[in-house]
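Same chain, two partners: chain A is paired with chain B first, then with chain C.
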Partner chain A sequence: MTVSIQNNLLRRFFRGRNSAEKQFLAGAISPLVLYMTFWTIFPLLWGIALAFFDYSPRQTGGFLGFGEGNPFVGLQHFESMLNFTADAPLEVQQFHIGIRVTLLFAVLVVPLNLLVTLPLAFLIESINDKVKGIFRTLFFLPVLAPSVGVAIMWGFIFHPQRGLLNAIIGEFTGKLVGVAWLRDSSLTVWGIPVALFAIVVAYLWQDMGYNLVIFIAALQGIPQSIKDAARIDGANWWQMFARIIVPLLMPTILLAAVLTMISAFQVFDIVQVMTDGGPDDQTQVLLLNIYSYAFRYQKMGWAAAVSIVMFLLVFSISFVQTRLLRTEWEY
Partner chain B sequence: MKKLLFVFVVASLLLAACGGGTSATEAPAGGEKVTIRVWTHQNDSFNAGYEALATEYMGMHSNVEIVFETFDYDTYIQTLQTALPAKTEADVLQMFGSWVCSYADGGNLAEMPASVISMDDAKAKLLGAPVGGYICDGKLYGVPQEFNIEYGAVLFNTAIAEEVGATDYKDGWANWDEVIEDGKKMAVTQDGVMTRAGLNFTGSDGIATMFHSVYLQYGGQYLKDGVYTVNTPEGVKTLELMKQLVDDGLVDPLLYNDEENWVGDSYFAETSAMGLVGPWAIPEYSGDYAEVAAATIYQPLPSVGSEPVFAAASGWGLTVSVNSKAQETAWDFVKFVTLDASNAVEWNLASGTLPALKENISGANADALVVEFPYFKPFLGILEYGQYEGQFPDRDFVWYEVAYPTVLNFLQGNATLEETLQTIESEVQGSFK
Partner chain C sequence: MTVSSVSRKRVTFRINLAYFILIPASLIALLPFAWMVLSSFKTLKEIRQIPPTFVPQEFTLDNYVKVLDDPDLPLGIFYRNSAIIAVANVIQVLFTSSLFGYIFAKFEFKGKKALFWFLLSLMMIPHQMTMIPGYLILAKLGLINNLLGLIIPAAIDAFGIFLFRQFALSIPNELLDAARVDGAGEFYIYRRIVLPQLGPALATFGMLTFMFNWNAYLWPLIVLTEKNVRTLPIILTWFSNQQVDKTNLTMAASVLVILPVLFVFLLVQKWIVEGITLSGLKG
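== the complex of A and B ==
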């Protein structure tokens, strides 16, 4: 069946071309196909296969490292992920924590990002054309900064003794302040760890430029006639934003939400540098968990299984989000 | 279609030819030139020591060429992980002792030939803690060159002690009360915020090593026949001592840990008056903090037991790949570098490390080390009390994922002593499954 589909595709691809053209096409695409096979498809398949083995690069295995010291374990990794008892192995407990923290992070980041960027884009679009560019550049600059640099900078801001935040609070209180924003696991707001909030702030600061650009582009695409009509009908600033702009931007909001959600699920470097998953695993996101088990503790089979779960999670949420918010607009 | 297939096959063969790594050096026929590849991690002083000895060795063996390939630390770990299964590793591999057994168990390392040194001779010649890392299931897989020590003495700022009138250290601390007395005087707290720790021991290595060392001093044995036990009276006493240091105001574990005010940085920035960290910290910082380094001594810690036993994580050393086709020459080079007392101390002098050979902890070689590194003196006297921290399936997991965060959480007041011991015991034991 698969072979027949492949043959059909190849036949369709080469249909109507003479021999020289076929040779040229085959020669031109072969390096790309080989590149993809070796660097994308093969690692992907190998990564999926790893999830079914108790694989550690320290152990000697057979073909591609599988078998012998890295035995086949079937679905054992996935089964153990369903162990919710108190005596579950640490990697399983940390996987559960990772899922919880990643979901919480995404749930915080997506609405906050949209709540900040959408009105901001509207404001920037409303101001004088001469200064628009300055604001656009200013808000997009953090996107260009390397994540590790951003994390180090925010780490300094939240530092308990030398941090800017404590210094500002100290200025107001007249006392030395030593709150360990990133290290004190007892600091929570509505049950959410303050350390996670701190990472959300740093992440939003860096990431919001993307959505801002997307929203500005979308705002520029809304016909002026619609806005003029609303004004003639007496719509004020807020009504214009809430009843005209936001509904017309729904497809863009959906796109931004999906992209932000995917990006939030993949957060890693900021967390690793700012908290390394601490305090007490409160910021242990799934990708950091995967990295730790794959490269620090060399349990690559387990890490591959967690990666597959993470992929399915991101895929499902993006799929549901897309289906739920699917609308067709014409203007 | 056939032509397309042909293009694929040719390109695949070309790529395979490009991608195929070179395996370990091939064995030479008698008298032929032998090239030994040596992999080490990037550490200028370590590698200067290796290169000097390699030059000496090549002078004595004209048919042998020794080629060094170095990698930064993280890349080295990843390179070992990928190269060993692919059998593209070098002949001689620098390893940290606590890694050795995981690679040996995977069948990647060659067992030490008795002609180089027997197990009994190795145990007689080398200190217990460093060689312990190289012994796996009763077989020896390499030779340590240094003694990696994280417990036994602390960095001590004599200038601060002088300034605040802390004097108990001068005759050596007889017990922990005296440490606490000096530490309290040296700590500074303003508006409830600690601005200078008296004794910063709350880094990951500090916490994990102190926990296991004091446990041993109380007479406990945390690892026996693959069973890890710390939820015992000795475990309770150990955590009580560590908590007492926090409660007495020597350190605030919220402000001083691996992530904030890491012990080395904090000590040399003078936000800690004492710091629990190994002697490798001094050469690392003395260039930038010459004034602090000049006022620094290593002060031996008292033991809660009859002897100052402590847990130690073996040390850097050399192993030989099982895939090396020039194993005989590779082992001969390893023997030359590690087991000859004068060569071994030459490397210790170049790298600023403590010796792994018993012969070099006293006598002329030890004196030479103390002349070069005066802060080694308190350590040389206690090295023989060091015990290898034990064969864990994954030592770093136990140290950094279990012991450090769990004890830190307890010291920060977020868990009870009983919960802490139970968690450590069950999570470490779980890693043996």
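== the complex of A and C ==
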């Protein structure tokens, strides 16, 4: 019965086509819709529903585990997120730390990334074609490495006794240096934990290649005549970069900034391996927080609520960023 | 002095300045790799030395022998696990992306626009939104600690469909209609006419998908908790936590995990760069 109704529907959908085409479309689109329903829409809705329950896979409940051991709590998770007092529950305090650390991380990463990649792309574009590729490859290499390996490498560089960084500093100062870059919570610069800076460095080192290749491609898209005209007018290196390249590349820069920010918000691998959120939660980014609550402490309802907040945060920031900069280049 | 000779001089000066910055910068960029590789050839005694050396004083291959002989670290199995997941996902994602990209580019049907917008909006939703329920579904289906748990939910890539649609739009309709007049079936047309036209996109997106799967960490970490089904990134962190004090062994293991595939990626770099450029310039 259901089958015949479905066939009727399909027949009406694909009216006006020959039957072979209809069959082909029906055979391809119906599995797609079914698959998406099960593996995308259903988990999405389930994830939203979880946020309204005190859900833990350890408890038993009714349909999908809801109810009974996993009671409905309404907006309680979201309300408690607004509890900024000192006696707020631990998960709420950790959530606030997560938001703060993630924002700080993204605010550090995005400008630093652009400040390095944009001039670097310009420099690489300005040299001989034969060696251009070599430099691009060198700077792109870390993108291809697994971030876990990158984290282990950098963790060893920041090692207090055996690390390369302390050895280099020791070489220059002539003293034995034993700074615990990743473990000493008392180290801060301008109120920002040094451990977070260390992670920013490792993250930038790996992530730079993306924007670099995007900027190189965009630079190649700038017509040679514009560059020649500027050169004939006597523009120097800096004028060329600041007055011509950057304004022409504005749409690409904006897009790169948004993409960099979105991925910075979702940082996990490097942090989990290098510090696991420490010292004293100073690098406890939001996704690590979600992971810990969902899969270490099994408080999935709470973690699902945090995921929703994180999604809204990423979405609204990229939305605002796009809007703001869009008006700017419409002169 | 003519205008052109002035500008030529300025050009050479600028190029020299570029090298002056680029060469040290690329050495700094390579430093972590060098540090990892050099440390993997040091003895335990030397790795514990304070202050540390940069180039090993006593060059040894012992660390590699130990890592490869370690019965707790059957690297072959983990290489195989990583390869199964990455290859399976590349094949299925290339198939679905090209097929649906082609359909969205060349066919009209009711609900097409809505479906396409729905797919596009999925690209906006980060993975962590479906991470928890995704895990619960896999648990219900008994796919935790099963490589299929990383393959079955990954069959559709919205960005892939979007990308292949862009490429398929440029395939001439006459070509498809000619095949239809000749009596070719629709799937035959997709396989024999459309797919070859999408060749470069297949290479680009395939490499990108392989790389992302090969290097993936968070989702495999959640799904694969038993040791023998783990993938290389997870086993690498597990091993480094086991050998906290023997950094020389960790570095040798890291080299064995990172470098072989890095070398392969380097060979196909052109396609990966192209893929990233496409995804970056799509907006």
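As a working rule, the second predicted complex is superposed on the first by the 308 of 331 C-alpha atoms of A that agree within 3 Å, B and C clash if a C-alpha of one lies under 4 Å from a C-alpha of the other, contacts with A are read in each partner's own complex, and residues count from 1 in each chain.
Operating definition for what follows: a contact is a pair of C-beta atoms (placed from the backbone, for glycine too) under 8 Å apart; a residue touches a chain by one contact, two chains touch by 3 or more.
In this text the structure is predicted, and so the values were computed from the model without any measurement.
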Touch check for A:Phe295: first (chain B), second (chain C), both, or neither?
-> both
Could you tell me if A:Leu176 is touching chain B, chain C, both of them or neither one (first, second, both, neither)?
-> both
Touch check for A:Ile127: first (chain B), second (chain C), both, or neither?
-> second
Return first, second, both or neither, reflecting whether A:Gln321 touches chain B, chain C, both chains, or no partner chain.
-> neither
Please indicate which partner A:Ala256 is in contact with in the superposed arrangement: first for chain B, second for chain C, both, or neither.
-> second
When both partners are placed on the shared chain, which of chain B and chain C touches more of chain A | C
Now for A:Thr188: first (chain B), second (chain C), both, or neither, which partner does it touch?
-> neither
Which of chain B and chain C A:Thr60 touches, first, second, both or neither | first
Answer with first, second, both or neither: which of chain B and chain C does A:His159 touch in the superposed model?
-> both
Kindly classify A:Ser147 by the partners it touches after superposition: chain B alone (first), chain C alone (second), both, or neither?
-> second
Touching chain B and also chain C: which chain A residues?
-> 23, 33, 57, 65, 159, 161, 176, 295
Chain A-facing residues of chain C, complex = 3, 7, 10, 14-15, 17-19, 21-22, 25-26, 29-33, 35-36, 39, 47-52, 54, 96, 99-100, 103, 107, 109-111, 115, 118-119, 122, 124-137, 139, 152-153, 155-156, 185-187, 211, 214-215, 217-218, 222, 232-234, 236-237, 240, 247, 250-251, 254, 257-258, 262, 265-266, 269, 272-273, 276-277, 280-281, 283
Residue numbers on chain A that touch chain B, as the complex places them = 10, 22-23, 26-27, 30-31, 33-34, 38, 56-61, 65, 69, 87, 89-90, 159-161, 175-178, 180, 182-186, 275-276, 278-281, 292, 295-298
List of chain B residues in touch with chain A within their complex = 1, 3-4, 7-8, 11-12, 15, 77-78, 81-82, 84-85, 102-103, 105-108, 190-195, 252, 254-255, 257-261, 271, 394, 396-397, 400-402, 405, 409, 412-414, 426-427, 430-431, 433
State the interface residues of chain A toward chain C in the complex, per the touch definition above.
-> 12-14, 20-21, 23-25, 28-29, 32-33, 35-36, 39-40, 42-44, 46-47, 50, 57, 64-65, 120, 123-124, 126-128, 135-150, 152-154, 156-157, 159, 161-164, 166-167, 170-171, 176, 205, 210-211, 213-214, 217-218, 231-232, 236-237, 251-252, 255-256, 258-259, 262, 266, 268-269, 272-273, 287, 290-291, 294-295, 300, 303-304, 307-308, 310-311, 314-315
